[in-house]
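Okay, so chain A shows up in both of these, paired with chain B first and chain C after.
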Partner chain A sequence: MAALLDVRDLGIAFPAPNGMLRVVDRVSWRLDAGQTLGIVGESGSGKSLTGLALLRLLPAAARLDPASRIRYRDTDLLDLSEADMRSRRGSGLAMIFQEPMASLHPLLTVGRQVVESIRRHTDCSALEARRKAAALFDEAGLPDPGRIGRRYPHELSGGQQQRVMIAMALAGNPDILIADEPTTALDTTVQAQILDLLRSLQAMRGLAMVFISHDLAVVTSMAHEVMVLRSGRVVESGSTGVVLSAPESTYTQGLVAARRRLSVRAPAATPSRSVGPECALELRDLCVDYPGRGPFARPVRAVDRASLTLSAGRALGLVGESGSGKSTIGKAIVGLARPTSGDLTLFGRPLAGDGWRLSRALRRRCQIVLQNPYGALNPRLTIEQALIEPFVTLGLKPPNGRQSRIVAGLEEVGLDAGFLDRYPHQLSGGQRQRVCIARALMSEPGLLICDEIVSALDASIQFQVLDLLNRMRTARGLALLFIGHDLEVIRYIADDIAVMHRGTIVEHAPADNVLDTPQHPHSRALIDAMPRLDVTAPSEAEDGWRAQHRSA
Partner chain B sequence: MSTHDQEATRSGYPGPGRPTIEQGSGGRARRLPFSLLFGLAIVTLFVLAALFGPMLDGQDPFSQDLLNRNQGPSPAHWAGTDNFGRDVLSRLLYGARLTLIVGAGGVICALIVGAGLSLTALAIGPWLAAAVFGFIDFIRALPGVLLALILIVALGAGLSSVVIALGIAFSPFFAYIARAAWRREMAADYVTAARTLGASRLRILYRHAMPNIGGALITLAAVILPRCIVTESVLSFLGLGVSPDTPTWGRMIADAVPLVERAPHAVLVPVFCLSLLTLALALLGNHVRAAVDPLRAGDPSGRQRW
Partner chain C sequence: MVTLLATVLIHIARAALLVFGVTVLVFILVRAIPGDAVDVLAIEGGLTDSQAEAMRAGLGLTASWLDQFTAWCLSALRGELGESLRFHVPVADLLLQAIPVTLALGAASLATGFVLAVAIALIATLRPRSIVASLVDILNIWSIAIPTFCAGLVAILVFSLWLGWLPVLGNFLVPVIILGLDAAGQIVKPLHEEMKELGTAVYIRTARAKGLHPLKIVIGHILPAAAPVLLAMTGLVAASFIGGALTMEVLFGLPGVGSLAFNAVNGRDYPLIQAVVLFLAVAVILINALTDLAQRLVDPRPER
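Let's look at the complex of A and B:
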């Protein structure tokens, strides 16, 4: 049986200062009707370019290997004229992207955008196209499909925007859907809904799918076959169950192991060695308001009567969807957001009486690491200059001098003195995040707030960073407030978990209790939505696929 | 078109035998880019003219030759003569010193008043910033020439008054650019990180924001400098320029414009010099920006990584 899509020796290169840089190198795969191929790889592995090449939407600077063949049904897409190719886009192959907000036109209603793509592919009246659009919105699971088309993209939530993108991709009735990180920008619960939608659409329409993601768990929950890319080369491919249960290459073994390691708990920290665990952080009925938009708007309550305690040497995971107020709590503790009422006690010192201002001594003991390692280091400062900052601003006087303290701090996070003269752009994301952690630890704080610090990192590096923090915790009795939406990460590191929902803490209990027997319906929804690296489920899917093939 | 595209896309692909990344041989000496050499050459030329110009040229920039008015270029007068039969080239060379002092002085003054004042105010606090920008908006509301006029009348005529007046008149441009850049910087994650490390606003200004704001100010300075030079001519025309008898380029352009049909060279030569200077300064400004930007300078390929 001929494959629906047959890619042979796909090669993509970019001009680089010293010649051509091959970013995708002789990649071959095939896709049958109704099947899903998962493409997994870390950033820079060429997985997105592979997807774009199928639609011939590569950046202008890209060069294709002359030997590349992309056979769709019985034509080679690379031999088509641009006009012929355009007619295939959307009706043969369609694509959905990572950032739905960036892919939708902000000044047109979503309905108009979908109607436009319907009328491009089929010859029908405006009225008929609107009816079809409503049907597509219904199929994509959008509420009130008849009227949602009148809304503008910014009036929809991230998940709804992605559903609109899916509706638009389906407008041309394609038989291959290419999904490039379709859920990476979404919350875990919304991600689960979108993945469900894609699965049901695939079943209903018999779609073939190319599912591209960095998240092994997400890909394996979707795909019948997986292809692992690294630096533009295929390191492993095969049916999902086989790749997961018996990975051949060491790289894939590492990926699977990194994900598995997260699904167990970190070695528990020994309780603080000092006399009785000191209370590092206590929130009592803390409220934080943001000013509303416009002169007469009411303030928006971001955090509503939140109460928490965290003692030295413990790790507390603060989880919730985006907008639930978890980051605001972190900001309020370090003085980046001003609470409205309630109280916040750091190392026994209540802050409400001090006008919420942290003294220098308190600031030394309480530090934060921000989410985005690409932004948190000034591109103009070398690593050494960045690491000197806390000494100046916090007035630190290390006994052996700054230089030796900085080198020791770098070594603590697994870097060395060779990094001192480098600029941030010369470091990888993981190295940058470790520099940020080193900077926050310079003053030897007793409380470290980690605001989604691993979500921008690749899976293998996530583990390194988490392991590092865990060692600090045991070695120094560091208290960790770990803010995140990835429950796998939280499960690995946290002793206790607090679940936030719309500004309130709905559950605060030991981690095992929350994960195994969640009390609040919202916690349960979060946990159910967690993508799992589950070997059984995909192999069932694979059995189904085999059965289908036998019948076919 | 598309097949053509496809051909173009497939050509130039590395052959199968070659390595993935061809390493640079390293044997090639690094050549300075043409634009840098060109900018440097032009600016050096003008500065030399300003320093030694009056000595180089044998002609007297003030001697009038009323029989040879508005003559085109000739062996005797390389750049022709003006309406009073004075030699254009020697007036150009003679005026270069004052012209450059007025231009550079005006820009530096505008930088100090506009960018310096507004950034300091922004760093100290929102209330002071609001007051300073109220004042700057007021300056902006007045026509630049009118404002300069008032200032010169108040300060008394002379070179320093002209420079100060030009500086204040052009300061709003720098202030607005500086405020926009400051706001962008304040939203950056590394500024947030610095705040959590207890950095004061002034420290954030000079340690974190200034290096990133500087580039935009350099570019703006290269654009404002010729405007200072031209505006000085208007003041000269009103009798409030640097000095009524010293030729400046702006003054030369202003004097020659009414006679452009009869003696186009008397306008074109100083305008050409002014344009050349602007271009050279803009090119130099770009190279200065690149040299202090680690994203480009730290990497010899000159590519921005992120």
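Let's look at the complex of A and C:
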């Protein structure tokens, strides 16, 4: 049987100062009707470009290798005129993207955007198209499908936006759905719902799917076949079960191992140094309000009577969906958000009386690392200057010479003196995040607040960072407040877990208790939504791949 | 709803304060210029010093500035803008005759510029390598480098004096074209830059992935997204046309607000100057408010 989609020797290159830079190199695969191909790779592996190439939507600078062939049914898409290709987009092959908010037109109602797609591909009246749009919204699981079309994207949640994108992709009745990291920007519970939706749509419509993600667990829960890309080359491909249970390349073995390591706890991290039961952080009934919009709007309560304790050398995981208030707690601790009421005690010093201001000595002992390493480094400072800055701002004696603390700090995070003269833009995301961590550690803090610090990083680098923090914990008795939504990461590092939901802490217990026997329904929902890597599931069984995903 | 009302009230209060400030400033400035309306009349009509003094006292110009200002404010609040010192007719009548001319000139020029700018920006976005695309920069440089009165003088010289096609005075078409080109040049460049930038936006890629025709993408997706920039630039140009068409009106002898202001300043006709400035201030504030309102209508997202 001829494949629905047959890609041969796909090559993509970008012009670079010294010749062409090949970012996708002779990638070949085929996709049969109703099947799902998963493409896995870290950032820069060429997986997204591979997806865009199928629709011929590559960036203008990209050059296709002349040997490339993309055969869809009985035509080669690369031979088509632009006009013929246009008629295939949306009707033959449709695509959904990583960030639903950015992928929808912000100034047009979602109904209009879907109706436009319908009318592009089917000959029908505006009224009929609106009816069809409502049916698609219903199929995509959106509430109130008859009226939700009048809303604008910003009035919908992230999950609803992605559902709109899916409805829009289905508008032209495509055979193939290309999903490029469709759930990466979403919360874990929402991710599970969207993945379920995609699976059921695939079953109902007999869609073939190309599912692109950096997350091995997510891909394998969706795909019949997996292709692993690295630096634009295929390092491994085959049926999901085989690739997972017996990966051939060392790279894939590493990916699988990295993911599996996450499902266990890090080697017990009891502080070796004899630290007393010093309490690094204590919150009691802490409330934080944000001002509402407009002069008479009521303030919005972001954190509602939160109580936490964290001792030196321990790691506390603070989890919850976006908007649950977990980042606000982190900000309140370092003085970036002002609490409304309650008590906040840092190293035995209550802050409520001081107008929530941290003294310089406290600021030295209490540091924060933020989620986005791209925005956290001044682009005009070299790495060396960035690392010296804490000494200046905290009134410490700056280290002299390059053989000093600065280099030691860089080496601690797995970088070396060669980075000192570089600027942030010359570093990868992972390297930048490590610089941020090194900078936070310069003042030898006793408490480090990590706000989603690994979610922007690839799996292999996530580990290096987590292990580094664990070492600091044992070596220095560093207390870690680890804010995140990825439970796998939290399980790996945290001793205790606090679960937040709409501003309140609904559960606060040892990590194993929370993960194995969650008490609060919301904790249970979070844990059930976690994508897992389950290599024991048979790949050939028709619904084996569905069973791998625990949330049915 | 309460917050909306509060926002509106705050806006109105701020606007009123602004109008008051402008009025005070102009009141002081016109009196700081040497010579008053009586001096002008004295030169024109050969008045003796004592006659001039009597006239000053009759017109209330001998009172202190503060008294003059309070008197003017009180009558202005009642809707009376006073009488022209030189023409002895109510200032309001002069203004009402002039406003339609200025509005017609401004609206026609603005419409010309708007349509031209949008059309050129659309074509330039669709066909970046076409001749039209180079018009963006040519028009923009034209509007920066060539003052409208220079273009006006040359147009009079060429079309009226040398070719004899058009009457020198009272012609409407030439100033509209010159002002329209000027407006187009100011609007088209930022609009085109914005549209080029938006062409790489993720949601425009979505539109392409739907299989839409490029023309449809430019008109239906990129242009609406660029509407805030288009509106802001159009508002700026509109505000500048309310008072800034002065040179064009004077040059082509159009009896609009610009000409009125020009004559009033020359004749030190204080009530007329103040009335014209009051009109300009209110008009500019009104245009800005309308621009703001239009911005909110095209962009449903709450302000960040």
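Keep in mind that, in the parts below, the second predicted complex is superposed on the first by the 525 of 552 C-alpha atoms of A that agree within 3 Å, B and C clash if a C-alpha of one lies under 4 Å from a C-alpha of the other, contacts with A are read in each partner's own complex, and residues count from 1 in each chain.
The rule is short, and it goes like this: a residue touches a chain if its C-beta (ideal position, glycine included) is under 8 Å from a C-beta of that chain, and two chains touch if they have at least 3 such contacts.
Remember, it's a predicted structure, so these values are computed and weren't measured experimentally.
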item: Partners on chain A (chain B, chain C) - clash or fit; value: fit
item: Chain B versus chain C as contact partner of A:89, first or second or both or neither; value: second
item: Angular separation of chain B and chain C about chain A, which is computed from CA centres of the superposed model and rounded to the nearest 10 °; value: 30
item: Which superposed partner A:103 touches (first chain B, second chain C, both, neither); value: second
item: Touched partner set for A:227, first chain B, second chain C, both or neither; value: neither
item: Which of chain B and chain C A:376 touches, first, second, both or neither; value: first
item: First, second, both or neither for A:116, with chain B first and chain C second; value: second
item: Partner chain(s) touched by A:439 [first = chain B, second = chain C, both, neither]; value: first
item: Comparing the two partners chain B and chain C, which touches a greater set of residues in chain A; value: B
item: Shortest CA-CA distance between chain B and chain C [superposed frame, angstrom]; value: 8
item: Chain A-facing residues of chain B, complex; value: 1-3, 5-6, 9-14, 18, 20-24, 188-190, 192-200, 203, 207-208, 211-212, 293-295, 298-301, 303, 305-306
item: Partner chain C, residues of chain A touching it in the complex; value: 55, 57, 86-91, 94-95, 97, 99, 102-108, 116-117, 120-121, 152, 154, 165, 168, 171-172, 293-297
item: Residues of chain A touching chain B in the complex; value: 11, 13, 15-22, 25, 58, 62-66, 68, 78-85, 334-336, 358, 360, 363, 367-368, 370, 372, 374-382, 389-390, 392-394, 423, 425-426, 436, 439
item: Interface residues, chain C side, partner chain A - complex; value: 2-3, 6-7, 10, 201-203, 205-213, 220-221, 224-225, 227, 298-302
